[in-house]
Amino acid sequence: MTTVPVQRSENGSHQEQRGAVAALHQELVRYGLVTWTAGNVSERVPGADLFVIKGSGVSYDGLSWEGITVCDLDGEVVDGVRAPSSDTAAHAYVYRHLPEVNGVVHMHSPYATAWSARGEAIPCVLTAMADEFGGPIPVGPFALIGDDSIGQGIVATLAGQRSPAVLMRNHGVFTIGDSARSAVKAAVMCEDVARTVHLSRQLGAPLPIAQADIDSLYERYQNVYGQR
Amino acid sequence: MTTVPVQRSENGSHQEQRGAVAALHQELVRYGLVTWTAGNVSERVPGADLFVIKGSGVSYDGLSWEGITVCDLDGEVVDGVRAPSSDTAAHAYVYRHLPEVNGVVHMHSPYATAWSARGEAIPCVLTAMADEFGGPIPVGPFALIGDDSIGQGIVATLAGQRSPAVLMRNHGVFTIGDSARSAVKAAVMCEDVARTVHLSRQLGAPLPIAQADIDSLYERYQNVYGQR
Amino acid sequence: MTTVPVQRSENGSHQEQRGAVAALHQELVRYGLVTWTAGNVSERVPGADLFVIKGSGVSYDGLSWEGITVCDLDGEVVDGVRAPSSDTAAHAYVYRHLPEVNGVVHMHSPYATAWSARGEAIPCVLTAMADEFGGPIPVGPFALIGDDSIGQGIVATLAGQRSPAVLMRNHGVFTIGDSARSAVKAAVMCEDVARTVHLSRQLGAPLPIAQADIDSLYERYQNVYGQR
Amino acid sequence: MTTVPVQRSENGSHQEQRGAVAALHQELVRYGLVTWTAGNVSERVPGADLFVIKGSGVSYDGLSWEGITVCDLDGEVVDGVRAPSSDTAAHAYVYRHLPEVNGVVHMHSPYATAWSARGEAIPCVLTAMADEFGGPIPVGPFALIGDDSIGQGIVATLAGQRSPAVLMRNHGVFTIGDSARSAVKAAVMCEDVARTVHLSRQLGAPLPIAQADIDSLYERYQNVYGQR
């Protein structure tokens, strides 16, 4: 999919959304979650069978709407001057199979990827983790890039879980959300809890949180936190 | 408390203090102690049964006096355009029960929270820790958000301790001070010593400091350090 | 080699390339890979038996083309106002013996150097590592500075490996590339995977990736990733 | 010593040197070696029995010559508007007993202080450490602030060592140099090698470097590195 010829519409469609998605990538940079050009954010185009995603190997420096490409839900380029991310097929699969998802993030952030390389889920031992993830962050299968394997692994692993994040084995993190911003927040929080639980485990065993307390924290956070 | 309707006075009361408290949040950002919108600083309004506190889920970027809400000591909103922090009840409890406290900070900083997830106090094995904390940093109980449980845990745990910081189990840190600035300093130093003691413990056992030396260091630092 | 008298051509030759190489050093600073003045980037001058390299002990602050010195392939200064890096002999040896290499980076980044101090290769347990390095990052011999020992160690260790990075024992990292930019990318990615694999190993054993999968990932990344 | 009344000369003496020393503190900030107001740099005044040192508890933000106080070699204030660092007695002791030393730095940087809390010297297992320190970084005694104990510990521990850095037990680092800049460089490099050796030790045993090789590296670095 990344090798199809890239076309350019006269003025570039969906410039505002592409600009907003470009800007969201800076949150990944700010928190040290991405290295060089790896990592990407995508967002579904409202009311269309399209999504916008970072170009492949494009730098985070000065990333603007022109670094973001418009694709259809098969991952084919519809508009843009950059070949889309080599992870486009995985994003497209998620959008095709999870209609409530409007944003997807992928990254190889160090602590979460360290858990993924052991194939180990992150246990829910922090109230902030209960708030955002509602339980452990699960591990998906090892899957090669190039077909629907990664997308299938993401969707199958997240089914029936509260967590908006999945650790793909030996690979890194995918997060989902009802917007690109929500998926970016989940990515930022995923690395944060991956780090804190890692640190805690280094010197002993973190204490568990009772399932009823996890449920209570998750319920409250999803319904009370923030501005309504 | 976070769901009461928010009112706005004509020009916004206590703007100067709210602006100063907003600015203090940047110290938490600078030292990497907070992620996304989590964490908050509050300060008692001098001569009134009020305190000011960060709004719930409000971004640290461009945080100004308008992101800070005025509450009474029951945590009810008195003035402001943002619903106050979901931790408002805990801050209010501290102000009601500890009249000498004028500032409170809450955060989920990684190293201190890692200790809290094991339910383990940080031992006083650094002279800088004897200076600021006068002994170990204690651990409070597991407590759910939503009533006075967290506030009670903070106050009960700090009673009879020199430490201005408490690690709430599986949760994070609360610090107190005679001003918001003092509580922020305690928060910054808490993570600093949590990290150094963590690192030291990773490769062996830190050497203890004799209690008489801890007493001597604490006494001197509280009375001699800084500009008089 | 670093003690030969330094000459200055009238206006400074190869200013554009020297300026570009100077600027590339900022990537090492941005990712925290270098401390004080240690570390250096060099690049072969196209169509000439020359390369350009950072001056010895020169600060990264405000580094411009004048901080970069032109040397011949024996490491002798041809043009410049700074004595070249004390690692110049190692870079020169690489350019003499590996004609396809046009860029070299040296650094003492913390995680990769930690592996080197144990004399331990970094195992290929991350898809991002398979992409960029195509296998483990190997360890070269202990070698003293001052003659061709380091250069020989680099060239001998990289022979027959896909990895553009080598960990020199008890010392640090050398990376190669078809340009200075490629070698800098390899350096940045080397520290990134050194850190993630280190973190993963701290809490258990990372799962291996099958050789056929490593081969497939490497092949695809080298041929499909990025803009073509 | 920190409680003597502070006097102010009409225009402030030694403004240029005090400004330069103030600026050097920013290197400690840049490398994350200091927290809040802890840490300090001092420098001997050439041709006088005086030195200049950071004020006690003074912020690093906007630190200028006015935040730096002039003291005599007993640590008594000669000129300045800030009470000097609470570590002034230790700096003064070093200047009185080591006439070749013109700069001193003190800090509680995390990795080096972690070694100090175990009372453990940092073994010389990196070529960069052989270059700068010429061997292990030694540990000095536990000593209370307030008299000459710390200064005596520094001077006695550094006697007969090549290392310009000493880890004071359960406390932090002191470094010396022929200028404040040299002492700052030693401080920056001390934390750098403390971190890398810590990381290396976390996953096994770093390989030793033969004493003859350490000697050779130290000799060369002291005489060849940099611009002559």
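Should a chain be cited, it is by its letter among A, B, C and D, assigned in written order, with residues numbered from 1 in that chain.
Criterion: a contact is a pair of C-beta atoms (placed from the backbone, for glycine too) under 8 Å apart; a residue touches a chain by one contact, two chains touch by 3 or more.
Protein names from UniProt, one per chain: A, B, C, D = L-ribulose-5-phosphate 4-epimerase.
These numbers come from a predicted model, not from an experiment.
> Could you tell me the least number of steps, going only between chains that touch, from chain B to chain C?
2
> Between 0 and 180 degrees, and as a multiple of 5, what angle does the rotation take that fits chain A onto chain B by Cα atoms?
90
> Using C-alpha centroids, which chain lies at the maximum separation from chain D?
A
> For the two copies chain C and chain A, is the contact made of the same residues on each side, with over half of the numbers shared, or of different residues?
different
> At what distance in angstrom does the C-alpha mean of chain D lie from that of chain C?
One centre to the other, that is 32 Å.
> Using mean CA coordinates as chain centres, what's the chain A-chain D distance in Å?
Chain centroid spacing, chain A to chain D, equals 45 Å.
> Which parts of chain B, given as residue numbers and ranges, touch two or more other chains?
Answer for chain B, listing residues that touch two or more other chains: 202.
> Pairs of chains that touch, anyone?
Once each pair is checked, the touching ones are A-B, A-C, B-D, C-D.
> Considering only the defined contacts, which chain B positions touch chain A in the complex?
So the residues of chain B in touch with chain A come to 2-3, 35-38, 55-58, 82-83, 86, 108, 110-111, 113-115, 117-120, 142, 144-146, 169-172, 198, 201-202.
> How about chain A: which of its residues touch chain B in the complex?
Against chain B, the touching part of chain A is residues 31, 125-128, 185, 188-189, 192, 195-197, 199-200, 202-207, 209, 213, 216-217, 220-221, 224-228.
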